[in-house]
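Each remark here refers to the structure printed beneath this line.
By letter and in written order, the chains are A, B, C and D; residue numbering begins at 1 in each of them.
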Amino acid sequence: MSVPMDSIYQQIILDHYKNPHHHGLIEEFDAEVHHVNPTCGDEVTLRVRLADGAIADLGWDGDGCSISQASTSVMADLVVGKPVAEAMALQERFLELMQSQGNAELTEGDEDVLEDAVAFEGVSKYPARVKCALLGWMAMKSAVVESDRQEETA
Amino acid sequence: MPFDVEAVRKDFPILAREVHGVPLVYLDSANTSQKPQVVLDTLTDFYANHNANVARAVHTLGSEATNAFEAARGKLAAFVNAPDRNEIVFTKNSSEALNLVAYALSNAATTIGAERFRIGPGDEIVVTEMEHHSNLVPWQLLCQRTGATFRWLRIGDTGPDGGRLVEDEIDTVITERTRVVAFVHQSNALGTINPVSRLVARARAVGALTVVDASQSAPHLPLDVQALGADFVAFTGHKMYGPTGVGVLWGRYDLLAGLPPFLGGGEMIETVDMTGTTFAAPPHRFEAGTPMIAQAVGLGAAVDYLSALGMENVAAHEHALLEYALPRLAEVEGLRIIGPATAVDRGATISFTLAGVHPHDVAQLLDEGGIAVRAGHHCARPVCVRYGIPATTRASFGVYTTTEEIDALVAGVRRVGEVFR
Amino acid sequence: MPFDVEAVRKDFPILAREVHGVPLVYLDSANTSQKPQVVLDTLTDFYANHNANVARAVHTLGSEATNAFEAARGKLAAFVNAPDRNEIVFTKNSSEALNLVAYALSNAATTIGAERFRIGPGDEIVVTEMEHHSNLVPWQLLCQRTGATFRWLRIGDTGPDGGRLVEDEIDTVITERTRVVAFVHQSNALGTINPVSRLVARARAVGALTVVDASQSAPHLPLDVQALGADFVAFTGHKMYGPTGVGVLWGRYDLLAGLPPFLGGGEMIETVDMTGTTFAAPPHRFEAGTPMIAQAVGLGAAVDYLSALGMENVAAHEHALLEYALPRLAEVEGLRIIGPATAVDRGATISFTLAGVHPHDVAQLLDEGGIAVRAGHHCARPVCVRYGIPATTRASFGVYTTTEEIDALVAGVRRVGEVFR
Amino acid sequence: MSVPMDSIYQQIILDHYKNPHHHGLIEEFDAEVHHVNPTCGDEVTLRVRLADGAIADLGWDGDGCSISQASTSVMADLVVGKPVAEAMALQERFLELMQSQGNAELTEGDEDVLEDAVAFEGVSKYPARVKCALLGWMAMKSAVVESDRQEETA
């Protein structure tokens, strides 16, 4: 059986859910964060290691709905190896997309940079699910900020 | 007269809607119910022909509005068999009704004449582990304000046909120290109908006040506050086919008359002076400011609608749906019913989990097939904690629910299992 | 675009009504306003096509309802120029909004982390003698709960063009001991517009919180919470062409974020546990239970309607009506205007007495001629006490009021004098 | 100028208002009561003297709207000289009439016993004014109860 054409459960999302990328906590890391979505109980623990102003590595573990888990997997694919500034810009753009209430106009440029993450566009119509899609992204952002802070105070 | 669900469905305009290109199957009535046309017409007629503020106005519109508002109070009183229409206090929802009691009690601390209601350290407030947050947090906050101790009756067995209070603990948890026992009539998370008379009898024996949260029973079964025997009963308009923004607190008149006010403002006063104010008699004492006039009138229309159907018939219809649904759902692979697995002492609200699929995904994918159910902790998080699960999916029925819709639900849940496995 | 009152009137279905066989002349908008068709249509459309509970639901209807409800929050934020939409808390009316602040403050007494909001003996709460009971009684009750002292700014001169606060006393009554200054923007009893910036500046200088009751200004003039400079601003939907049963508290985000909750229940929590609960961020922290969903959406439609008219135009229209009415009423034999006799710093609400005739008789006899005005103390009894009168008759105008209606009022009041003399 | 045909201000009400009967406090009395209608500030002070189970005399003073003052005047005319039981029955009937929300069906019998008081029928449509019309009647009832109580405890 397949899902409806306009489903928010794009095959790509189901695939990431069933086989999440960068799943598992990395051993060497600069910061670890634990984020929870209190309304649905989704959880993610996420570790990052920065090097030369870029996200050198990222690993995560989580529990929750397919949207939260797949979105974290897609995010990890996207940001690992990217300069921090670029990762933050991606996060900004994804946040905007999620807050569009289904009215986002995706440009080709978006598809180029957000890659698999554009599959989550449909989620933006469901305010209750937006937080799920954002969970991993927000955790990544906090972890990066946290790493920076540790560096500064080190 | 047999209950004609097809005729009932025609009264609800939203049921003609499609979502995702398929007809809507609305199975989320425990969250909020849909509204019959007569309620919408009543609201429009009020605003378009009789709108004015109540109580204060001497003009024709004001008199019409006041008569309509007070007539609604009378209808609500009759609907729950209240002995006195002045025992019906209009609030914005159940939550406000429950908070009203909790705040009036803590306000007794500084009110002369209300000494008998004072609560303090050493006193205990008892709720149950299956309360909606709206009948749990107000009492936690009351304990915080007063120093009283918060206690609760636990949910026992969580297996099939579990999901009920540990009856043995009623006598040990409710003691001479208990001042208030607040409990849900029908659980919104489990469907369980609690043993009201057992709880009220014990509370009365120890001299505690009883507060019944009837948010989930008022729409579904004949509610008789005199038969319940409790001191306060709260319910909410939007779940009983009425407008949003209106709820009801019923209270015994002598208790309402003895309690200090909660919200201060227009209409709840007797006379105001810069140096001191005296308060009106119930119900007005507890209705500060301009009330939800149109909404109360609309709720009056909703209870007229329910009474015309007959609450006995409504209860029988929903019980039949429940008996139809429970075994069919239980057959679905990986499905576990959270709450009593049989239709005994149980309302037509069914929570469940599906192995390997998060409840939010179940609900979301059902929605894509036109089926609206709820997923989450249903504002009763301690229930999920008790069952050791993050959330459930919940289907809940109403006057307009059909067995065909239940078939669609069962088929839909099966499909969800296939997609995610 | 000139303000076309005849076009506006066509938007309000109730204005086609007759009472006592004559066309309705509705001059009681300060009590409650009438509703334009677009508000009624918005309510009906919501219930008939998108009705569901908000925040909790993952299904399509739930998402539509949530989006509509949160969009209304955005509209309200824009309407009062709030810097952040999360500063808009929906309440059932102004009265609840004002009580919310008063209760959150007294709840600080037992909330860790809210120490800076604590109020107790030695602290002072300042209001004015011209407050509506809804901005007076909550503060009296707060003083009762906390042991703080209740003080007030007096109304000075009661002659023509009196009816204003004694400005000299602002600095002596508001002192270092003052913790809250709560005052009405535009008086519902006198029409007086108070010197907000003067009061806010003094309150800020002594470190007191300011609470502005804008119930009577929000419908009538451009309201800009940033320009007002106050900490909290309350207003109510039914007076601004919206539904009954919905009001708004605007508060500075950092203050809302620091205040303890008021009502406990669903949706205002972060996580609930039997042994303790944490609370959501504003605005949800202050919105326990199912909100007045349809009413907030309807209020959104009302502010869209007002914005389309343009609040500058609305204010100019009503100011012109006021300038038209004041001298004509003043000419009536035995008529005394209670409140400023000129149109300076004054809204289009005119209270008066008629020598030898009780205000209730004035209003009632006007009603028999189709003219709806209010009589009484207008929930501001201390104003009547200050003027040494039991009550007044009050005519108040709105977007749909015409000079012909004012002529009818003047003629009507003359007739009343003749009947009773 | 005259009032509309369906006015609640029947000529009889205006007449009583302008020339109230039994107005003025009597010197010899068994009980005095003071009643206030807090919503509109109407007030009445009323004294009664009972004798042989009847209302031997009654006098009052008041301040307020025409309805409250005229109704007190009409009430006084009706009850002075009547046995207490009869006065109480009249009070009951008048109360019923006022609570009818404009739907009372006045019988000829009512007109016979309530006399001028039937003129207040129109008031019952206006909830805010019902209390005005009842003020004097309620005061009379309290005063009679009060007199009885004093007699019993004397």
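Basically, a residue touches a chain if its C-beta (ideal position, glycine included) is under 8 Å from a C-beta of that chain, and two chains touch if they have at least 3 such contacts.
On a predicted model such as this, the values are computed, not experimentally measured, just so you know.
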(request) State which chains count as neighbours of chain A and simultaneously of chain C. (result) B
(message) Measuring between Cα centroids, what's the chain most distant from chain B?
(response) D
(request) Find the geometric centre of each of chain C and chain D from their Cα atoms only, then give the gap between the two centres in Å, rounded to an integer. (result) 38
(message) Measuring centre to centre with CA averages, how many angstrom lie between chain B and chain C?
(response) 30
(request) Could you give the separation in Å between the centres of chain B and chain D, each centre being the mean of its C-alpha atoms? (result) 45
(request) Can you tell me which residues of chain D touch two or more of the remaining chains? (result) 39, 126, 128-129
(request) For chain B, jot down the residues that touch at least 2 other chains. (result) 20, 56-58, 62, 269, 271, 360, 364, 375-376
(message) Help me check something: in the complex, which residues belonging to chain D touch chain B?
(response) 38-39, 101, 125-129
(request) Would you tell me which residues of chain B are touching chain D in their complex? (result) 55-58, 62-63, 66-67, 70, 269-271
(request) Over in the complex, which chain D residues touch chain C? Could you list them? (result) 1-4, 6-9, 14, 17, 39-42, 63-67, 126, 128-129, 132
(request) Mind listing the chain C positions that touch chain D in their complex? (result) 20, 357-361, 364-365, 368-369, 375-377, 384, 390-391, 415, 418-420
(request) Provide the residue numbers of chain B that touch chain C in the complex, in ascending order. (result) 13-14, 17, 19-20, 24, 26, 28, 31-32, 34-35, 39-40, 43-44, 47-49, 51-53, 56-62, 92-96, 98-99, 102-103, 107, 109-111, 129, 132-141, 144-145, 150, 152, 236, 238, 243-247, 261, 263-269, 271-274, 276-277, 288-295, 360, 363-364, 366-367, 371-376, 378-379, 381-382, 385
